[in-house]
Every structure is written in C-alpha cells, then in structure tokens.
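Input: structures, listed below.
Both complexes below contain chain A, partnered by chain B and then by chain C.
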Partner chain A sequence: MDPKLDLLYRLADDQLILGHRNSEWNGLGPILEEDIAFSSMAQDKLGHSLQLYNLLHNLGEAEPDTVAFTRNAPQFHCCQLVELPIGEYDFSLTRHFLFDHAELLRFEALATSSYEPLAQVARKLRGELKYHALHANTWMKRLGTATEEAIERMQGALNFTLPYALGIFETTEAEPEIISSGLFIGEAELKSRWLESITKILAQTALDMPDLNLLTPVNGGRYGQHTEHLQPLLDEMAEVFRLDPTADW
Partner chain B sequence: MYKAQILDWLQAVKDPEIPTISLIDLGVVRGVEIDEVTGTVSVHLTPTFAGCPAMDYMKRDVERTLLAHGVPAVHVDISLREAWTSDMISDAGREALRRHKLSPPPVLGNQVLDLDFLEYAECPNCLGNNTELRTPFGATLCRAVHYCHDCRQLFEQFKPV
Partner chain C sequence: MYGSASTHDLPTTATTGLENEDPILLAEFEARIARGEKIEPGDWMPALYRKQLTRMIEQHAHSEIIGSLPEGTWITRAPGFRRKMAQMAKVQDEVGHAQLLYSAAETLGKTREQMLIDLINGKSKYSNVFNYPTPTWADSNVISWLIDAGAIVNQLANAKGSYGPYCRALDRICAEEAFHLKYGHDAVVHMATGTPIQRAMMQAALNRWWPAIMTFFGPSDKMSVHTEILMRWKVKMASNDECRNQFLDMYVPKIWEIGLTLPDEKLAKNEETGRWEFTEPDWEDFKRVINGDGPCNAERIAVRRAAEENGAWVRRALLTPKTQYVRPLA
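Coming up: the complex of A and B.
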C-alpha cells in the first residue's frame, strides 16, 4: 500500500473506533463530569477521524461516510486496544491514558510531516489532544494515589491494558518508506517518547510500571486481525447508514 | 471599499451557540475574496475545534447573510490551512465572551500551551483569578468548567488552544 494511505488509515481508524467506544459512556459515567468528558472526547475523536478520512478522500479513496460505514472488521487498520469494550471505568480510563499520550506525541511529531496536508491537520489536533492527556493524567494521579481498592483496580487495569497498548506501535511493510520520506518519525521512536511520558505520570502514583520487556505486544490490528469485539461495534455504528445510505440526519 | 462592506455585513453573523460574538471576532473567518468579474464572494472559515458540529450552521448563516444583502453568489469553504488558535479572538471578541459570562482564554503569544495555561482562567463575574479548573470538558467542545473561590460559583471558559 502507498505509505501515505497506510499511515492515514491507521490514524483515522484508531480515532473512529475509540471515538465510538468513548461515546458508549454517554449516560453511564461514574460522575456527571466524566460522562461529559468521555462524550466530549468521543466528539473530538470523530471530528479528528473525519479530518483524516478527508485527507484519504483527497488521495482518491471513497467518501468519508462510505469508508467509515461500509467496511468490515478485516478491512480496518486500528490497533486492537481501541476496539475492546469499555468494560469498567478503571479499564476505560487506563486505555484513554495509554492511548492519548501516544496520540498527543504522534500528532506533535506529525506537525512537521513532509506531507503538508497531514501536517496542517496535526497542527490543529495537537492542541486539542493536550486536553485529553490532561484529563487522563488528572484521573490517573487521583485514583492511583487514592484508596487501596482504587490502587489495586488501577494496577490490575494497567497490567491488563499494557500489552494491547504496545500494539499501537505495530509496524507495517510501509514503515521504512514512511520514515525515509519524512512522513513520520516512525513507531519505534514514538514508542520511546511515549514510554518516557507515561512513566513520568505513573511515578507520581502508587502504581508500578510492569517491565515492558516481559510483555508480548498484542499485534495484528494493523493487518486487519481483530478481536471478536470489532464487528459488532461496526454493525451498530453503521446500522442507520446501511438501512438507508441516502438518509439525511 | 467593497470588502470593508462585506466584513461589516459579516459582523452580523454570530456564533450559533454564543450569540454575543461574531464569527469575525471569534477568528473563524480567515479571509474574504471578491471576484471582480462575477461578483462572487468567497469566505474562508476554519473551525475552532476540529469536531465542531456548528460549522454547517456557520457556513449557512454566512451564505444567507451575504445573499440577503444582494451579493450575487457566495462560496464558503472550510479548511485547516490556517489552523485556529484562541489568540485569533479579537479584543472585541473577548469582551463579547465576557458579556455572555464566558471567561475568555488567556493570550498565549509565543508561549507553549502547557498545564499552567490550561488551568488558568479569569472569573467572568469578579474578574479575579482565584479560580480552579474543575474539568477540561464542558457543554461544548470549546468550553472548560472552572470554579471561582471568591464568588463560590462554577463558570465556563472558552478554552485556550
């Protein structure tokens, strides 16, 4: 696949799927502010995915709605982390923390991409993503230093989620060209920046950072291999569109 | 001469959710061009936040307003060519936000958008800064919720970005 398309599909699909998952907290948040926070981040992420699908459309791919609503799971390039069900709040918060730190650093790096249309979008998104990282940090620090139960649950969520988070950085065949053409700094460099960034926050909590060398990354998502949770999500998300693709709503 | 007239007409187009501020003072209007031959007016808009659901309404309101003033054809495009930052809000715009009891974002200048910036807000009631960020997400994507310790009131801020 063309390196631009390869990179853009991964970025856009991550945003769309996590955006949808975040929206599932609408009406269910543990407190009103968190209900609003996850719903707002859902809206941001859908907006971000639309910007990225528009770039794909300008490169000759189908309309954003068609790309978002008519593909099945094997055609999606998101990492498996983003498709997991929202579960308990400890998991959703930990996923949000691990993913959005990577996302903020990713778009900060993309702001100087050799592909100017992507750099423009990145310069817009990076400011918005700071609020996502700020929100995640606040709650990681609050719950990671709270009661014994809170710390135990957050530690359990961290241990469970980290192998999936490592799957964010799964590379594709296009990786060498993505780096050499200046499109992006590459997943390995991003991962090392990410590790530094999350370690700094976790050090301010009672949580232990597991040894990443002992973990096996959950890969496959970038190649269309997904958990059983993605297809039902797509079916629900596309229900109205598939009933009537011309509906105005 | 004519362009000044267009900008003047556009002052009447307000943010759909903040009726005190015009799109021009908000910094959402990034440029106006007039085709001297056809008379078509092109207006360039950029969203405050990438996922802003009000863009279609803003586009519609710009078109309606100019057509109502007799402009023969209006073309509105929305792009991120010149990405919006909160520093694009004019001084008049900041006053307009205060009138709506929204705290205007602090001016960033060349400084980095760090935590100190995101957490700072001026209370729109007492104009003091004995305030605290309660949540970076509010009723719309562009608003955060803060608390004033002097007024003992929650208030909303237009987020710096």
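Coming up: the complex of A and C.
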C-alpha cells in the first residue's frame, strides 16, 4: 500500500473505533462528569477520524461515510486495543491513558510531517489531544493513589491493557518508506517517547510499571487481524446506514 | 430536555404543614414572590416550598439522565458521521443538564448521591415518556424533535418561576434545547422527505410516539390536584392543558407541513375557542406506566442501577477525608 494511505488508514481507524467505544459510556459513567468527559473525547475522536478520512478521500479513496460505514473488520487497520469493549471504568480509563499519550506524541511529531496536509491537521489535533492526556493523567494519579481497592483495580487494568497498548506500535511493510520520506518519525521512536511519557505519570502513583520486555505485544490489527469484538461493533455502527444505502440520512 | 416535572407527584394536600410556619416570615416570603423577586438558597422558605422544589428539580434531573438512555442507544447506530457526531453532542448536553439540575436541587439540601439512590429505588420519578421503547432510528429523531419541543414549552414557563438556582439552570438548558430542536427537526425532515423506507420508518415512529407525546404535559387540568398555592409561589408556572395547547399550536402544523399524519382523527383546532380538540389520552394507562408497569421502566432503572453499582468504587476512591461533601452555593 502507498505509505501515505497506509499511515492515514491506521490513524483514522484508531480514532474512529476508539471514539465509538468512548461514546458507549453515555449513561454508564461512575459520575456524570465522566459520562460527559468521555462523550467529549468521543466527539473529538470522531472529528479527528473524519479529518483523516477526508485526507484519504483527497488521495482518491471513497467518501468518509462509505469508508467508515461499509467496510468489514478485515479491511480495518486499527490496533486491537481500541476495539475491545469498554468493560469497567478501570479498563476504559487505562486504555484512554495509554492510547492518548501515544496519540498526543504521534500528532506532535506529525505536525512536522513532510506531507503538508497531514501536518496541518496534526497541528490542529494536537491541541485537543493535550486535553485528553491531561484528563487521563488527572484520573490515573487520583485513582492510582486513592484507596487500596482503586489501586488494585488500576494495577490489574494496567497489567491487562499494556500488551494491547504495545500493539499501537505495530509496523507495516511501509514503515521504512514512511520514515525515509519524512512522513512520520516511525513507530519505534514513538514508542520510546511514549514509554518515557507514561512512566513519568505512573511514577506519581502507587502503580507498578510492568517490565515491558516480559510482555508480548498484541499485534495483527494493522494487517486486518482483529478480536471477535470488532465485527459486531461495525455491524452495529452500520445498522441504520445499511437499511437504505441510497438514502441521505 | 425533558421537564415534565409538573406532571406528577404534586401533593394532594397542598397546605400541609403551613400552619406550622411563622406567619410573618411566610407573608414576607409571599410578598417577595409577588414582587417578582427570586428566592435564593440561603433565604427563608416554607418547608413545603423546599420539599416541592426539591422534588420537581430532582425529577427533572432524573428525566435528563434517564432520557439520555433511549437516544443514547442510537449513538452507536447513527447513520453517517454527521448524525453520529450530532447525536453524541445532543445526548451529552442532556447529561450536562442533569448535572446542572442536580446542583440546583442540592442547594435545597439533598445530595446528588441521595437523589440517585432514590431514583434507582423507585422513590423518585422521571418523565414518563422514557418508559416507552425507541425501536428505530426514527424514534430517536421523534424524541429529539418533539419531546424536546415539549420540554422547551414547559421549561420556558418554569424559567420564570421563583427559585433562583432553578431558573438560572433552565435559562442555560433552554438555550441548548433550542439547538436540539433544530437538530431533531432536521433529522425528521430528512426522513419524512427521503426514500420510501425512510418515510415509512418516520411515520411509524410518529404513530408510536404520539400517544406518549399527548401525555407529556401531564393529566388534564380537570383531573389535576389542587395547585393554587404552587401557582402563587411560582413553583408551577403554567397548567398542563395550557402547555399542551401551546405545543399543539406550534408543532401540529409543522408535522402536517412535512407530509406526516397524526394518529388521531379528532385532532383539530377549534378556531372559535383557540383550543385544540383531540381524543382524550388514556390516563389510566399513564398512571399504570408511571407507577412502574410500562414497557421500559425496569430496563431504564436496571441500566442506572448497574452504572451506580459499577462506579461505586470510583466514588469511594474520590471520598478521601480531605474532600468532604460541600453543598453548592447556587
């Protein structure tokens, strides 16, 4: 695949699917303020994915609605982390923390991409992502230093989520060209910046950072291999859209 | 969205306890209201006023969070980016309204936690329309347009009431609801003027929702309990029938204009009286549903209960000794 398309599909699909998942917190948050916060972030992520699908459309791909609402799981390039069900708040918060730190650093780096349209989008998005990371940090620090119960839950969630989070950085065959053409710094560099960033926050909590060398990354998502959770999500997302594909909704 | 707070649970003996109030303070309180002044949280107020307002604002807040559920289930199914993002934002507003309203109610002395406990235990009510199902995307659109429209009629009236924190919350809520109305109208028009599948979906949804919409403002004034004192205290600002008639005046022509029909052959405006005539809603059924026996009561409360239970550990973690509960000022 063309390196630009390869990169853009990964970015856009991650944002779409996590945005969709975050929106499922409506009515279910531990406090109303968190229903609202997750909804805000979900809206941002949907908006980000739309901007990225628009870049793809400008490169000759189908309309954003078609791309988002008519593909099936094997055609999606998101990492498996984003497609997991929302579970309980400890998991959703931990996913949000691990993913959004990577996203913030990713879009900060993309702000100087050699592909100017992407650089422009990145410069806009990074401002919003800063707030997502800030929100995650606040809650990680709060719950990660609170009651024994909360610390235990957050530690469990961190241990469970980290292997999936490592899947964010799975590379594709286009990686060497993505780096050499100046499109993006590359996943390895991003991962090392991410590690530094999350370690700094976790150090301010009672949580232990597991040894990443002992973890096996959950890969495959970038190649269309997904958990059993993605296809039902896509079916639900397209339920109305597919009722009448000729309609303007 | 959903302030049909005037629809239920008005006290049957509205003078209860007044004989225990200090007559001078009471006269002063009533004079302030008559002059159009707002009552603020620290001000003296009769116990009945406090009780009634707490109940009313609390029910309104519950209606917002329970009301976010039937529309919320369509966020993940909304067709296309534009609708998906708008539906999310719309439903998020409703949860935000709940947050505002719980704060307003808390100024009267009851905590949010206690209100939520009363909700899941069935002690407090919420707008009855949310005990009906939304089986299609079109149902969600009907709520966005017409239930929100009804709520605006109700809330604009209540925003002129006497309790400062509630009025200020309602002013902010009404501003956002005005956008919901546009969003809902746009979605309904798209469907009503769309493909045959879309038109049929929309008509079916409207037929399903119309009986519930007709009960939205509560029982007919003929059946209503004595509310004179609540009107005098500017707790209740307009009668159920006034609100219903205003709603029909504003929206029935708009519904007909886009080629939809309403499932009531009697529905027509009497030009002489200026009042709409219609088939009397089934108030027995209304009562039955309010009292817990509707198609979705159990499901709505179960979702809320699960959210409360699953999130309890987070709230426990936040309650460190340094962060004791503080009642909001206004």
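Basically, the second predicted complex is superposed on the first by the 245 of 249 C-alpha atoms of A that agree within 3 Å, B and C clash if a C-alpha of one lies under 4 Å from a C-alpha of the other, contacts with A are read in each partner's own complex, and residues count from 1 in each chain.
Keep in mind that, in the parts below, a residue touches a chain if its C-beta (ideal position, glycine included) is under 8 Å from a C-beta of that chain, and two chains touch if they have at least 3 such contacts.
All values derive from a computational prediction rather than experimental measurement.
S.K.: Clash or fit: what happens to chain B and chain C when chain A is overlaid?
M.R.: fit
S.K.: Let me test your reading of the model: by the given contact rule, A:His135 touches which partner, first (chain B), second (chain C), both or neither?
M.R.: Only chain B is touched by A:His135; chain C is not.
S.K.: One more residue to check, A:Leu46. First (chain B), second (chain C), both or neither?
M.R.: It touches chain B and chain C both.
S.K.: I'd like to know which partner A:Arg123 touches here: chain B for first, chain C for second, both or neither.
M.R.: first
S.K.: Under the stated touch criterion, name the partner, chain B or chain C, that contacts more residues in chain A.
M.R.: C
S.K.: Looking at the overlay, what does A:Glu33 touch: chain B (first), chain C (second), both, or neither?
M.R.: In the superposed model, A:Glu33 contacts both chain B and chain C.
S.K.: Quick check for you: in the superposed arrangement, does A:Glu173 touch first (chain B), second (chain C), both or neither?
M.R.: So A:Glu173 meets neither chain B nor chain C here.
S.K.: If we overlay the two complexes on their shared chain A, which of chain B and chain C does A:Tyr89 touch? Say first, second, both or neither.
M.R.: Touch partner of A:Tyr89: chain C, not chain B.
S.K.: Scan A:Asp2 for contacts with chain B and chain C and give back first, second, both or neither.
M.R.: neither
S.K.: Would you give the minimum C-alpha distance from chain B to chain C, in Å, for the three-chain superposition?
M.R.: 5
S.K.: Indicate the residue numbers of chain A shared between its chain B interface and its chain C interface, in ascending order.
M.R.: Overlap of chain B and chain C footprints on chain A: residues 33, 36, 39-40, 43, 46-47, 50.
S.K.: Can you list the chain C residues touching chain A in their complex?
M.R.: 65, 68-69, 72, 74-81, 83-85, 88-89, 91-92, 95-96, 98-99, 102, 137, 190-191, 194-195, 197-198, 201, 303-304, 306-307, 310-318, 320
S.K.: Please output the residues of chain A touching chain B within their complex, sorted ascending.
M.R.: Listed in rising order, the residues are 33, 36-37, 39-41, 43-48, 50-51, 120-121, 123-125, 127-128, 130-131, 134-135.
S.K.: Can you list the residues on chain B that touch chain A in the complex?
M.R.: 49-53, 80-81, 83-85, 113, 115, 118, 134-139, 141, 144-145, 159, 161
S.K.: In the complex formed with chain C, which residues of chain A make contact?
M.R.: Checking each residue of chain A against chain C gives 20, 23-24, 26-36, 39-40, 42-43, 46-47, 50, 64-65, 68-69, 88-89, 142-143, 146-147, 149-150, 153, 233, 236-237, 239-241, 243-244, 246-249.
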